[in-house]
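The structure appears right after this line, and notes come after that.
Labels run A, B and C following the written order; every chain starts at residue 1.
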Amino acid sequence: MQRIAIKTSRRTELVDITRRIQEVVQQSGVKSGICVVYVPHTTAACTVNENADPDVARDILATLADLIPESGNYRHIEGNADSHIKATWCGQSETLIIEDGRIQLGRWQGIFFCEFDGPRSREVWVKVVPTG
Amino acid sequence: MQRIAIKTSRRTELVDITRRIQEVVQQSGVKSGICVVYVPHTTAACTVNENADPDVARDILATLADLIPESGNYRHIEGNADSHIKATWCGQSETLIIEDGRIQLGRWQGIFFCEFDGPRSREVWVKVVPTG
Amino acid sequence: MQRIAIKTSRRTELVDITRRIQEVVQQSGVKSGICVVYVPHTTAACTVNENADPDVARDILATLADLIPESGNYRHIEGNADSHIKATWCGQSETLIIEDGRIQLGRWQGIFFCEFDGPRSREVWVKVVPTG
């Protein structure tokens, strides 16, 4: 398992980590297999979506903020109940396919770390599973 | 990795791909392992849910349309911001368990391709990982 | 594949299954790999979130109930359309990383079974995939 350090700069933010995940896979030397990207936090997540137009990430965050407002009728008293709920919305892991020594992504896809309670120092864990 | 071609016929639609995924697993000859189903698009997704009553799929799509309307206060100018957000809601991959040469599903479960910006020609990628 | 039996006691409920999943991994003897946790139901799911403050689970369930009410304009006539939609929100599987013979979790993370149409007798399926 490899650990990637991430420094976020806003309360909510999508950080493109595609290149850093590809580097882990390339350094593993695995040509065919799968790659698990795992976020060990309860107020952050990861997702795959478009990395061509940054407005897509902005629209995802704005819609999430409308549906799950920061100030709501929450019992969790740390002021980040919305962050926990958004994390469960997006999910803590992505499982990706490796062929030819690289993660296979669609033309417009990038891998994003989703910060929902920043700014913070965060980690992403990456596990490469070879096949054949 | 195997590629499955899918032709969707509506803007939003859940397409049952259970049988086609089972065929890929059977052709692989793998008896025990896992199967990663991956959608290489940013306005489509996959999910597992009931395939007995088609009203379940209809209710999922209708509820998503209520929560994430097609016309909203979006910045992404291609008119499909809602499609990107729905894709992140559902997720781009499913990881399934293989035993006895077949994907193990619950009694009422089917695997669905989720179209959120169709009709289009789409792909699903399938990777089989054997164990033991 | 190992099966874990779960008995839920309310209509919606998050049940902490972290210890039981860790036991399956330890009994497998696998030191390094991944672990797939799979829910074979269409009105239940699994997620990873905070297990220190039970108010986090309560806030997740309350927010889901606000967004996807039990009584809505649904076509599915069994009275649990909301349960199916919540299941797709949370997802049917989690993929976790194993090192040193244990699932690696963040400091505040626990693995939860999400009941959305209980009380019922349920199952969780666990598959351990060794690497190297």
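Criterion: contacts are C-beta pairs under 8 Å (C-beta built on N, C-alpha and C of every residue); 3 or more make two chains touch, one makes a residue touch a chain.
As the structure is a prediction and not an experimental result, all values here were calculated from the model.
If the chains shown are joined wherever they touch, the resulting network links each chain directly to all the rest.
In a homomeric contact, the two copies may use the same or different surfaces; for chain A and chain C, under half of the interface residue numbers are shared, pointing to different surfaces.
Spacing of chain A relative to chain C, judged by their CA centroids, is 20 angstrom. Residues of chain B in contact with two or more other chains: 67, 89, 91, 95, 129.
If you check the complex, the residues on chain C that touch chain B are 1, 36, 38-42, 67-68, 72-78, 81, 84-85, 87-89, 91-93, 95, 125, 127-130. Across the complex, chain A meets chain B through its residues 33-34, 47-50, 53, 55-56, 58-60, 62-63, 67, 89-91, 94-97, 99, 104-109, 129, 131.
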